[in-house]
Structures are given as C-alpha cells and as structure tokens.
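Below, chain A partners chain B and then partners chain C, in two separate complexes.
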Partner chain A sequence: MPLTLTRRDILKFVGGSIAGIMVTPIPWKLLDDVSIWTQNGPWIPKVPRGALTTSFSTCALCPAGCGVQARCVNGIPYFLSGTRNHPVNNGTLCPSGVAAHHLAYHPLRLKTPVQVTRGNGTIEVRPVSLDDVLRKISVASGNSTGAKGSLALLDQRPGRTVSLFYRKQLARHDHGIYLVSPTDPILITQCLDEMAETPFGPVGYHLENVRTILSFAAPVLDGWGTPAQTSPMLRTRHSSEQNAVKVIQIDSRHSRSAQLADQWIPLKPKTEAALAFGIAHVIIRDGLYDKRVIGRRIPDFNIPGKHSYSDLIGRFTPDHTSELTGVSSDVIVSTAHSLVARGPSVAIGDGDSGGGPLGKEAEIAIWGLNILLGALESNGSIVQRREAPVPEGFSSKELSPVMGISAIPDHSIGLLLIDGSDPGDPLPWSLLERKLIPRQSLVVACSPTLTGLAQHAQYVVPTPAHLEALTDIPTIVSSATATFSISAPLLKRPEGMTDAIEIMAKVFETEGSMEDLLKQRTSAIFATRRGCVFKAGTGTTVPITELGSPDEFWTELTAGGMWTDDPIRSKPFFQFHFMGRAPDAYQRMLDAGEAVSPLDGPLTPEMLTVLPYGRRAEVGGAQLSPLMTKLYQESGLHRSSKVAVLNPATAKKFDLVHGEQGILATACGTQKVGIRVDAAVMPGVIEIAAGPEPIGQAGNEIVQEQNILELIDPDQALPWRAFRATLRKA
Partner chain B sequence: MIKKGSPGFWSGFGVALVIGWLAFPRILYRSLEQPVQFSHAIHTGETVGMTCDGCHTFSNDGRFAGIPTLVQCAGCHADVVGETEAEEHFVKEYIKQRREVPWHVYARQPDNAHFSHADHVNVGGIVCERCHGSHGTSGSLRPFEENRISGYSRDIWGANISGVKSNAWEGMKMNDCVACHNENNHRSACLDCHK
Partner chain C sequence: MDQATVKQSRYGMAIDLDRCTGCGACLMACAVENNVSPGRPTVNERTGTTWMRVIEVQDGRAFPAAETAFIPMMCQQCEEETPCVSVCPQNAVEVDPETGIVGQIPQRCLGCRYCMTACPYHARYYNWWDPQWPEGMEKALNPDVAPRMRGVVEKCNFCHGRLHDARAKAAAKGSREINPTDYIPACVESCPVQAITFGDLNDEAADVARQAKSERAFRFLSRLGTEPKVYYLSGRSWVQRLADRELARSKKETVHG
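Now for the complex of A and B:
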C-alpha cells in the first residue's frame, strides 16, 4: 500500500511527538539541569579546589575578640565558625563574624594610597605614591611643631599594643595629642577615677555574681559583653528562678536590649542623670543602703554647711524626677526597691556607642548609684582589674594622656592622623572638623577601605583588611580580668598594603613593626607567669606555667589562643566623691540632672529629635560583608542606616507616610531616608541607625557614605546623643 | 481518526518516548573513566581487612578528610603491590611522581552546599552505605557519568533518569537530604547546609 503523507499527518506526528516528549524526562530534567547550570556558569566565581586545612585566629571586628575557626582551601578561608570552648564565644559567632572573610574582597577596598577630593555627593580619588603622602606629612608635621597647630592621632581602636606605641611617640612630641572617641570606655572609666580619692584603674564586671542589671542604654544583651557573658543572661531572662539575672533596660529607644530585657523603662532622651539621681533619692530616703560604708567612704555624702550629695539627691524626688524623665514615680520607686531587694545589682552606663556618650555627669551619677548599691564592694559585681602587662618603656608615665574631643581647643590641630585600620567607637566628622585649622590642616587616614572618617581625609593609605592584618585584641570593658589575644592573618595581604604602625613610625622617625611590638608584649605577659592560656587547637585551657617559653606562648596566641589574667583577690580601701572632685562639682551635677530633655525644649513646631544608635565598632560601612544585604537591608531584621523610624502620631502630624521617602535636614546637610512607622518609637522622635550597613559597589563612582552622624551640628548644645532635625516628604 | 499506514499522532508519540527515555540519557551524560582503577572489595575484604574509616578518616577536630591523599596510599603502595596493570599504572604515574590522583568524585556536591560527615556519621550514627550504597565493596570503579549541562555526577540525580529511586541510597539532591531529615524528625534551616 503506498504511503501517503498529508500535511495533516505531519501535524499529527508533531503533535504526538510533543505530547510524547512531555511524558519523558527531557523537559523536566533539562529544566533542572539548566537551573543548576545558571548557578555554575562560567561567570560564577568558583571555589578553588585543593588541600583542605583548618586554621584558627581571633576576630578583630569588635572588642569582644571571639575565637574563629577557619576552613581553608589552599590556605584561603572559605568558611568561618566559632572556636569551640573559647572563653569569649564558646563556639558561637555572630553573622558579621561568619561572613568576615568576605571583607578582604570588599568593593571599596583600596589598593594604593589615594588623594581624596569630595565633590557633590561623590568622591574622587587619585592614586598617589606612599612617598608623596609621607612627604606631605613631613611638611605638615614640621609645621605642627611650630605655632601652626598640634599633631593629633585619632586612634579608632584604643587599648591595643600599637596604641601604647602611638602614645609613647606622641609623648615625645611637643604638640602631640592622643585622641579617642568620647564614647570610648577608657574615658568612661576616667569618670570613676575623678570620683576616687586615689586612682581606681581599669574596672571589669563580674556579671556571674549579679542578679539584677540596670542598664542605662548600654546594649547589654546585644553586643556590650562577650557572647559567653550574654548567652546565660538570654537563657534565664524572664525566668522565675531565684538566681536568674534580671535585666532592666533604661532606654529612650525600644532597642534590641530593651526588647530582650525583663523590663524596659523608656525615658525622655538625655535625662539619664536625672533618673540615676531619682533612684538614688529613693534608696537614701528609704534607708536602703549600708550607712556605715557610705559614711566612711564618701567624704561628700553629707557636709554640714556645704552643698553635698545628699542635698543634690534631695532635690530629685520621685515626682520631680518623673517630670524631668517621663518615667512614672511609681516605676522609679519600685526600680530602686527592686535593685536593693534583688541584689547583688549593678548599674551599667556606657550608653550606646553609635548613640553618643551619656555625658560625664551622667556617668558619675551612675557610678554613684553603683556605690550606693554596694557594687564596688569587695564581694560586688564591679571589680578592679589589672591591665595586661606591658613591655618596658610603656609605663603610663611615658605615655601621652588619653584625650576626648571636648578637651581639645577648636582650630588647633595642624596634622591629624587617623588609624582607622580597626574601627571602634564612632566620632562624627563635624566634631572633628572644627578642631582643625581651617584650610591649613592635613588629614591622613590609614584604612583598608574608603569608608567612615577616611572619606574626609585628604590622603588615605591602605592598610591590610580583616584577616590579613596582625593585631591584638585588648580586654573588653565587661571582662572581670585582663585578657590578651592576637588576630593573626589568615590571608596573604596584597601588594601595596601598609600597616598603620609603619606609617606612624615614619612620621615619628623611629622604628616600628607590629610583629616586634606584639612579641615584646607577649614576652612581658609571659614573664609574669600569671594567668592561663586557652589553646584553640585542643579547646583546652592550661596555666601559663605549663608553657616552656615566650615563643611557645606566641605560637599559641597566633593560633587562636587567648591569655586570661588571674583575678585580683585583695582590694584596697577606696574613698569616693559621689559628685567628683572638681570644685564646681555640685553645680555641674545639678545642671546635668535638671537638664531639660530636647523633647521638652523650645522646639520649633517642624523640629524633631533624632536619636542615632549603633553598636561599638559596627558604626559605618565596610565592617559588614557586602553580601549581607538580606539581614540588613531587605528583611528589616536590622534597620538600615537609610531608614528613619517614627511614631505613627508623629508621622501623621508631619504628613509622612510609611514606605515613602523623606528628606532629613540639619544645618550640616540633608540625607534621603526611607520612612517607617513604629508605635514603639517615642512621639516627636526619629530613630535612625548609624550603622552597620553593607555597602555594595555603586558602579565606578564612589558615593559619599550616608550616615546620620554626618548630619550632626557641632553648634547645638550636647550635639550628639539627641539632636534636632527636620523631616519632610521627598 | 488516524489513517491506516500513515505516521500519525501515536507514531510521533512513540518516537518521542524512545528518544526521551532511551536516547536522551545517553546524550545527557558522558562517560569518563576514572584515572586509576581501584578495588574497594580487595581493600575491605578478608585479605587486607580495612574498614571505610581506615582511609576516609576523621581528623581530631571532627573534620572528614574525604578521599585519601596520595600520602595515605603511599604508606602501602610505595612500590608495586601485586601484578595488576592498574596497580603498576598507579604506582608509576602517581606515587612515584608524587602526583595526586584527579579522581572523578561521584558524590561531589555544589559549592554552596555544606555537608558535614562528622555530624551525620559520628553524631547521627548513619552508616556509609545509607548514602554511598555498595560502593565500599565494589570490585572496580565504574565510569563517572558526568551531566553535560550541570557538570555533576549522575549519582546526584540517581541512576534512573525518571528520578524514581529503587534504593534508599540513590540520589543526593537537596530533596533527598530533606526527605531523610523529615523521616528522622530533624528540622532543617537553610543555613544548616547553605553557609
């Protein structure tokens, strides 16, 4: 029979084939394979194949200094996790730490020294040689020894061994200034020294001894202490167990610590000193303190015929304090009683690093509360601790004093050097700028990326990135004993990177190498034969006496180990001045307590109060992997620094709508922000994060960093913690 | 109505089935011989008497060493052992030249998936055969069938192109991991595997 093919037959055949194909694996398997291919295409960077090894180091991103275990391919870290049994983090690691090996590949990473020119919203950089930068520094340094200004070095991570080196060199300089951020714990501890009859020295916290923590805006449950300290508190919060730690968070914001705390006491911004006095008033009025101790140790508690602490506190009745702070008098009374009944208790000042300092008087008021609560007694929760031993030639007498920004006269700095290789506490540029001699000062920053204060420098010298640099981790403020660990490089540094110490050594015409300096420090610690050493490789802790030599100690520390000092057992007798020892202490403390919150101040109707916030060492960019946008930008779990959050009533009053864009303005400039509405925000207030913020590449153009701290007006009274701004629709 | 003797709907349907089920898998996968022939059976049999973890070791930190490196093989095979051609080739081409064997790994997972042998074997108590089948007793290494598109081994998808599994150890895709976790009441989060 002849085969006759019609057009209809062919169409039927094709139709049958298509139908048949659909019941074969072809479309479905191809779909699966092609989708996998899109993940593995030639344009996707590949993880190198090679020998798998495990290395250990210490994270230097924040002051905690967590132990890090890195899995490496061909020696390159590709997966970070916490070191098990490490005294600081006990095997855990925060999201920033987990992704910290991305930072060496940050798009804003500098490859050569650059000259920086700020334009309209953008930054232009021009590569220069290191010799050019050093020549400029040399000229400016020569000027700064004369009448043209002083030489200041801003250390963004004070307390490191290299910080001692800087202070020593600056002490030899006629006009040398060692500058730190006003929120640095060193300055906060200095407030206690101002109260003590003899210098008290560094302090630490025995949080395991504590049953009640009264936090004045310190992020106690969100990065203030180490993970090993915070984890037990988080586990037992809201627990009915008798010894469970109770956290009372005093905070103008519904911060993460406020959310996690057992009790949140919202107060009007900048009224922390008044609330501390109000609580102290109730403790004294109701006789809830140890009268024998206070009478013996506090010379200014009650001085007949003179203004004394009891006079000062007498003014802060619960009702008056309530008017000042917005906290009800019942809460003030019950908090005071709870602190005493549920002791041992401790009050923690320190504030929120990105939110700015509480202020010297507020810190003194909080230390006073601690003395009343017995926290500084021999069995108390605040302990004196030693510093980790230092090499010869680095005693405090040979070092330049630590200075805050307020102690420096305006227009006095001729040469400003910034060590931003390890970001720590923030310092708004506007506060720093007014200390410079206009149009004459030279600002040079050492930083791995063009972010933060480096964006304001005229020259930036690139330093090794995280996990490329060798640096040490000083003792965190919350630790009861001194600790010392080393962040050893896990990555080879690229050509052209220079350690900040090498630049500073050239400026001061001396020799300086980070490795030599740290070896001197470890030898000095080893020589005391004090304390114990955690070994990362085995996860065990042994007495330092079991190590045979300083070299063995160095090897352990550079392999992710950590030294912990012995606690001080005996405690000398101390006398404290509750108001500090300054002649005008009473008036200053009274003024601080009676200060009117910006919310009650003479605001123009269109003005709002901005409350910035941000954790220590995480303010600004480049501390986060640029890939962490899910957590920090898209999910809203961590609010971006480009988002302003308002109370619904405030938003309605100012005709602002959730999800829209707004323009935030102060005398120092404007920023575009997204508007979010949250009922937990105080009316009349704008909450906005000062960081951290993952920064991605913005084409070939470097965009000026948007950070709320850039808008701070130094001419406002108490410019930082809460400042005024307008917010309108974009 | 289909005309008798003309290629109609069912002819097309049948041709598609033949291409889809028989020809397509042969086109999709290309067969690669392993660079060295290796008998698990000899090593784990009575003559040598080794166990899986004799070569596929866990280090002190709990990390799984994966496929043994040349150093481990050289412990016994510094010189030719036995008379097979494969042994001679291995010693001459790799041991003597200190060259690692570029094995084609049947179980290689994507770079974005993290699998901990330590967690599954040491903590979970799962035996090697649960995922690797009878590979540990095989007399020779079968060819590595590489997916021309995705680049992965056929073992990841499973032997049957339809995706139907005849054995518990067939398939190593995410769905297989999730199914096993569900069977054993282990809740999984994305970041457990995707670091």
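Now for the complex of A and C:
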C-alpha cells in the first residue's frame, strides 16, 4: 500500500512533534541556557587579580582623622578598616570611612575645569581650560580693591597647614578676607575668648575624666568627638555601671545623639540660651557652686549698682525658663542637681554640621555654665591646649584673621574663592550670596565634584578626590592635646586634577606646594621634640625623641602615623566675664535668653518649623560612595535630604500621609520631599537632613542639588537652626 | 575533607542591641566585602540588595518618651527545618555540615524566589539588574568574591571568602583547624562598639557561645523551630518582646514594640 503523505499529515507530524518536544527537557534546557547566557557576559565585572598588600593612611573625610588600614590589590584599596590601636579610632571606621575608597570613582567627578552658567531653572556646564579660569581670576583679583570689593577665600576645612598658607597670603592682600563656616570650632572658641580677660586659646576636652555630659544639640555621640572617645560611652549605655558616662542631650530634634543619650530633653527650637540660664539659676539659687572660685574668677558675677550676671540669671527662674523652653521646671531643677551630684560634668555647645551654630550668646551662656560647674578649673575636664607648632613665617601676627559670615558687610565681595577639596560644614548659599557684589562678582571653587557650594560657582577647578590628595588633619575640637597627622594618597590621581593650593598660589602670585608646606610643618613639630608618635605599622606609640630625623618623622606620618603633643601641666589663672566683655553684653544676653522660639512666634495656621540637621562627613553629596544607596534608599537607616519627618499628630493636622510626596516651601523656593511619620518627633516641626542625596550608579549627569539649606531666607538672622516653612501634598 | 578528623563547627553570632548605635558601618562593610553593587537611582527597600540591614524600631510611646533600638538583620543561619533549603527546587541552598553556614549557590539558582517567600526574616535578596559599578570602580572590588549575576537570589553567608582565606592560612601552616582570629566577618570587624560577636557556638570557651546562653539573649521568631544561629542580646524588655514579631524591612514600615 503506497504511503501517501498529505499536507495534513505533515502538519499533524510537525504539530505533534512540537507538542511532544515540550514534554522533553530540550526546550527548557535551551531556555535555561539562553537565560544563563544573557545573565553572564563581558558586562559582568571581573574581580581584579594581582598582588595583595596592606597600606596605611589617615581618613580626611571629617575632622576626626581616623587611622585607615587599606587592603589593596595591585596597589588599589578594596577594603578599608580602622588602624589597630590608633589613638583616634582604635580600629574602627564610620560607614562613610568604610566606603571612602569609592569616592575616586564617583560618577559626578569633574574631569576638567568647567564654566557653569545658570539660566531660569537650567544649568549649563562647559569645559574650559585652567588658563581660562586663571585669567578670569586674575582680572577679578585686580578689580578686588576697596572700591570694587574684597577678595574672600572660603575655607571649608580650616585649621590645616594650607589654611595657614591662605591666611598668610590674604594678610598681604589689601582687601583679603579669610572666611569659615559659622560652625567652625575657631569661631566657637572666640566666644570663650570674648569672656576671658586674656585670650584662652584653643580648647580641648578630657572626656575620660567626665561622668556627666550635658550636650546642647552637639552630636556628641554621633561625630562630635573621636570614635576612641565615644565608643566607651556607647558600649556602656543601658549598663548599670556606676562610673559609666551619662549623656544628657538637649535637642529640639530627635537626633541620633538624642536617640542614644541616657536622657533626651527636647526643648523649643532656638531656646538653648534660656535653658542654660535656667540651669545656672538653679545652681546659683541652691548654692551648688564653689563660691570662692566664682568670687575670684568672675568680675561681673555681682556688681553693685550695675547689671550683673546674677541679675540676669535671677530672671530665669525654673518656671519662667519652662515657659520659654517648654522643658518642665522639675526637669530643669533635677538636671542642675544631677550635673553637680554626678560630677565632674561638662556642657558642650558647638552646634552641628547641618543644623548650624547655636549663636554667640547661647555659646557664652553654655561657657558660663561650664565655669559654674568647675569644668574650666585646673582639675576640670575642659583644658587649654597648644596648637601644633607651625613653621617660621606663620605666626598669628602674620595671618589674616578668621572671620565668620556675619562679620562681612553685604555686597562687599568681588572675588570669592572656595576651597572645597574636603567639604566640611555646609553654609547656606543664600547667606553667602548676599555678601557678593551683585552681577559683578566672580566665584571660583576648587572641588572634585560639582556639588555643595561648588555648584553655585561660575568656574570649578577639579581637585583630587579623597585618598588621592595629600593633606593634613588638624586637631579635632574634642582632643585635650594638639595632634597632627597626614592623609597620604593611596591612589594615583587622574590627569587634570589640580591641588587647591596650586590655584591659590597662582592667584596670590607666589609659590606653593602641599608637600613642601607639610614638610615644613613636620620639621617644625619635630624640632620641638615634644610629644609622641603613633606608628601604624606596628600599632605602637613611641616618644618623638626616638625618631632620628624629620625625614623619619615624615615617613611615619605619611604611613598612617599620628603625632600627639604633651599635655599642658598647669592652667594659667583666668578671669571670665560671664556675659562677655561687650558694652551691651547684658542686654544682648537678656535678649538671647528671652528670645521667642519660632514655635511660639506669630504664625499662620499652615506654617511649620523646619529643623535641619546633618551628620558630619555626610552633608555634601560628593562625599558619599555610590554604595551609600544601601544606607539611605535601601535600608532607610539614614535619612536623605529628600525625606521630611513629622510627628503623627502634626501630619494629621496638616492632612499629610506617611509615604506620600510633599512640597516644602519658603519665600526662597520649594523642595519636593517624601513624608515620613515618626512618633518621636516634636509636634509642630519638620526634621529634614541638610544632605546628602545619594547618587546611584546611573546618575552620572550633572545635577542641581536641592537642599533644605537652599530654602533659608537670608533676611532671617543667623543662626539657621529653625525657620518657618509650609508643607503641603505634592 | 576527612569528616572524622575535622572538628564540626556551628558558626553563629551574638548581637548586643543595647550597644548597637545604628551607625550602619556593618551594613557598608558587608556590601564592600561581598561586592554587592550600588543600587540604581530609583532603588528602594524592596528592589535593593543589602545582605545586612539595620532596622530602626521604637517602643511605641509618643514624643518625648519614645525609645529607639536598632536591629541588624541578616540571614539567621537556621539550623533545623531551614525554610529556604526545603523550598528550593534547584538545590541551590544548602547547609554546610562542617560549619552550619547556610550557603547560596548562584550558579544553580533559577530565580524563582520561593526561598525569599519562605524566609521569615526577609533576609534574602533578588538581583533585579546586572551587577554594575561606576566606571573604574570594578578595580576596587574584593578579589576574593565573584559578583553574582542578574536573576539570582543572594544573602549573607558569614563572609565565605574570609572563611576560605582562614582555611588557606591554616593549610599553609599544616593545620586543618582554622585560627578563630583569622575568620571574622566584615560586619564584626567594622562595628565601632563591638556589638557583634562571632564564633563557634560549639566551642564553649568562645565569647559567642557564652553570650548565647546569657539571660539577655533571645532569637527572633524562635517559635518557628528553625533554630537560628544568630542571637540577639538586650536587657530592655520591650526589645526582647520584639522577638516574636516579624520585622519589616525598613523604617518605612516601623515596627512598634
């Protein structure tokens, strides 16, 4: 019988085969393989291969200056950890430090100098040559005379050796201004100098001698001190140890230090001075102070016939202080008694990175509290310390004075240079902008990225990134003795990067090299033969006298070492004016104490009080590793600048819902934010970070940062700790 | 390896929640050590890959009395009835009998995500995208850990690369027993307040074994009977009460005690 194949048979065979093959592993294996082929390819990064080594350096991301041990492959760091036994961090690092070796690969890094042109809501970035930038600076510098404005240099990391270089050059300029952020410790110490009959000089803290810390919104447990100082305190939290340090955090914000403190005392924003006076009132009223010391030390404590400190303090009864601050009178009284009973105690002000300074009068009030508590006595926890020795030619007489933003007249700066190589404390641009001569000023920034204040400059010159630059780490404010360390580069810098000192040297028509400058400084320190040196390689500390030469000292410092000065044995006798020495001191202090909090001020029903905050080393966007998305977006552990946090009752009152988007608005602009509800936040306020906005791996385009500090009204006087804004649904 | 001559270990952790400050150094060190790629700009708590998360919890009281604790949460290395092992159709999850560590084998994983559903701790993460780093950053990857591909699940493995290193060191000295100081996971190494203790729970002299028996010790969801090898310590009763709660992945879903 002949076999006849019809078209139908063929179709049936093919159809059956297709159906049948589906029950065999063939198509599924093929599918699996295709899937695997698409999953794996040359686009999957290969891990580096090569020699494994270990290097040491010092972290320059924040003023602490932690020792860093880098595990390297082919000489490139791939894992950072703290240097064992290092006096600053004793083997630990913060999350920013752990990922700091990624900053060199940040997608927003500038590769060439750029000109930034701003339009109406647009930003145009055009590459230019370094010579073009220098020509512009030269013209503007020539114009920066008294008639056409001053030449100002904003140093975002003051206290470095290069800062001395800047100040020296500015002192030679007829209209040179050396400008720092208002939260800089130099300015805070100036408040104490204003009280002392003779300048007190740099201040340090013996925290290991303290049993109670009263922190006025300082991030005491979150970046104010060194890890070696705060880790023991944090380890003994919730323990029953009698000698464990007790931290009382006075803060309007539910900050990380407020969360971690033994006691959190929330107060109405901007009433820190009143609370300091209220606590001082109880100490004086109940005779809890050393009358002999106060009699000898304080000329303005009680002046018959004149306004004196006791008159001022007499007004701040617990009940009156409670009305001003919102803190109950019982808490005020018990806090004052606790500080004395659980001494030695110390009060710390200083402000913080994002939240800004407390204000001069509040700082003076806090220093007054320290004098009452005996913290400035010879056995007290606040000590006078020396600065690290400086080379010849850099004495204070030869340097331009350190100035805060409030000391500079409006519309007076013709040329503003910003050293943003190591972005430190932020400064609201609106405050800085009003100091510039409108439409005639030139702003040039030296920065690795177009972020922070650099994004407001007309020209930005790229500088080496973290771990590519050679720089020194000045003494942190909390240290009882002077220290000095060097952050030596662990990575080779790319072509086209210029150290800020080279730009500034050309501006001032002089010679300047970071390595030469730092070698001069280390030689000056070595010449004193004072102090001891920590050696990172061995984890040991030896007297400096054991080192044979300045070169050996330099080698140790550039290999992750650290110099620590000898402590000053005796503290000279000081007399302090509790209210400062200004002629109108009494009235100024009274006004500061009686100031009405923005929470109590005249308000329209829709207004809320914004409390910005920021963690040191995380405020600027460029400071963060791209991997920081883990910390901010993926875990929500740290809040970025795009998250506004409110009390549930406040959210309900304003019809705002957790998880929705909102628009935060002031007279200066608007910002889109995500709304979060947190029962621990004070009713009536919005807590929002001043940075950062983490940038994921695809964010390699130039972006204009929106930051809460951009919304600050320049007409509102410093400090910017609290200001009014509206928040509505997006 | 010759089972008869090698000591069997049960690696585990004890995390002191009264010490943890929520700094996140452990979380970052984990991501750096294990070559976990950065998230995309739109990444969130559901699409990101974070082997270790630190969850902020509050005691439920209102301002100003609210108290906060931080709970580092990673794979709890379940010992019995390990949920992810039992549901995996590809045999891509297995418990190492020598160490007790629950391992994930990306080459076998087909990305079905049953294990993610089964995990009561939400400690497993799916790679939604190809692993990518900003240009040049691949030079700074850990040479001991291969990046995982798109479409597979991954999780904490107590820094397996470091275990291999420690074994290699021991082998170089002619020993089969590793020195405990040679094997320390990245999160333990990086914790600034030494809140995390790691070691062999079978070794009674080890700190971790002693802490696991402390009155302050508890385990999350122990009622499920999976015998996790990560212990938590707290003297605060409201924190201990959280042990029976299923923790959300982030602050966005705050858990109240």
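We take it that the second predicted complex is superposed on the first by the 672 of 730 C-alpha atoms of A that agree within 3 Å, B and C clash if a C-alpha of one lies under 4 Å from a C-alpha of the other, contacts with A are read in each partner's own complex, and residues count from 1 in each chain.
Going forward, a residue touches a chain if its C-beta (ideal position, glycine included) is under 8 Å from a C-beta of that chain, and two chains touch if they have at least 3 such contacts.
Remember, predicted model here, so these are calculated numbers, not experimental data.
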item: Touched partner set for A:19, first chain B, second chain C, both or neither; value: first
item: Partner chain(s) touched by A:47 [first = chain B, second = chain C, both, neither]; value: both
item: Touching partner for A:30 - first (chain B), second (chain C), both, neither; value: first
item: Chain B versus chain C, judged by how many residues of chain A each one touches; value: C
item: Partner chain(s) touched by A:39 [first = chain B, second = chain C, both, neither]; value: both
item: Chain B versus chain C as contact partner of A:76, first or second or both or neither; value: second
item: Common interface residues of chain A - those touching chain B in one complex and chain C in the other; value: 32, 39-40, 46-47, 52, 79, 98
item: Residue ranges of chain A in contact with chain C within the complex; value: 32, 35, 39-40, 43-50, 52, 73-74, 76-81, 89, 92-95, 98-99, 101-102, 104-107, 221-222, 227, 231, 234-235, 237-239, 254, 256, 259-260, 264, 266, 625-631, 633-638, 647-648, 659, 676, 678-683, 695-700
item: Of chain A, residues touching chain B in the complex; value: 1, 3-6, 9, 12-21, 23-26, 29-30, 32-34, 36-37, 39-40, 46-47, 51-52, 54, 69, 71, 79, 98, 537
item: Of chain B, residues touching chain A in the complex; value: 2-3, 5-17, 19-21, 24-25, 28, 59, 61, 63, 65-66, 69, 110-112, 114, 147, 149-152, 157, 161-163, 195
item: Contact footprint of chain A on chain C as seen in their complex; value: 18-19, 21-25, 27-29, 31-33, 35-45, 48-50, 53-56, 58, 60-64, 66, 68, 70, 110, 130-147, 149-152, 186, 189-194, 234-236, 249-252, 254
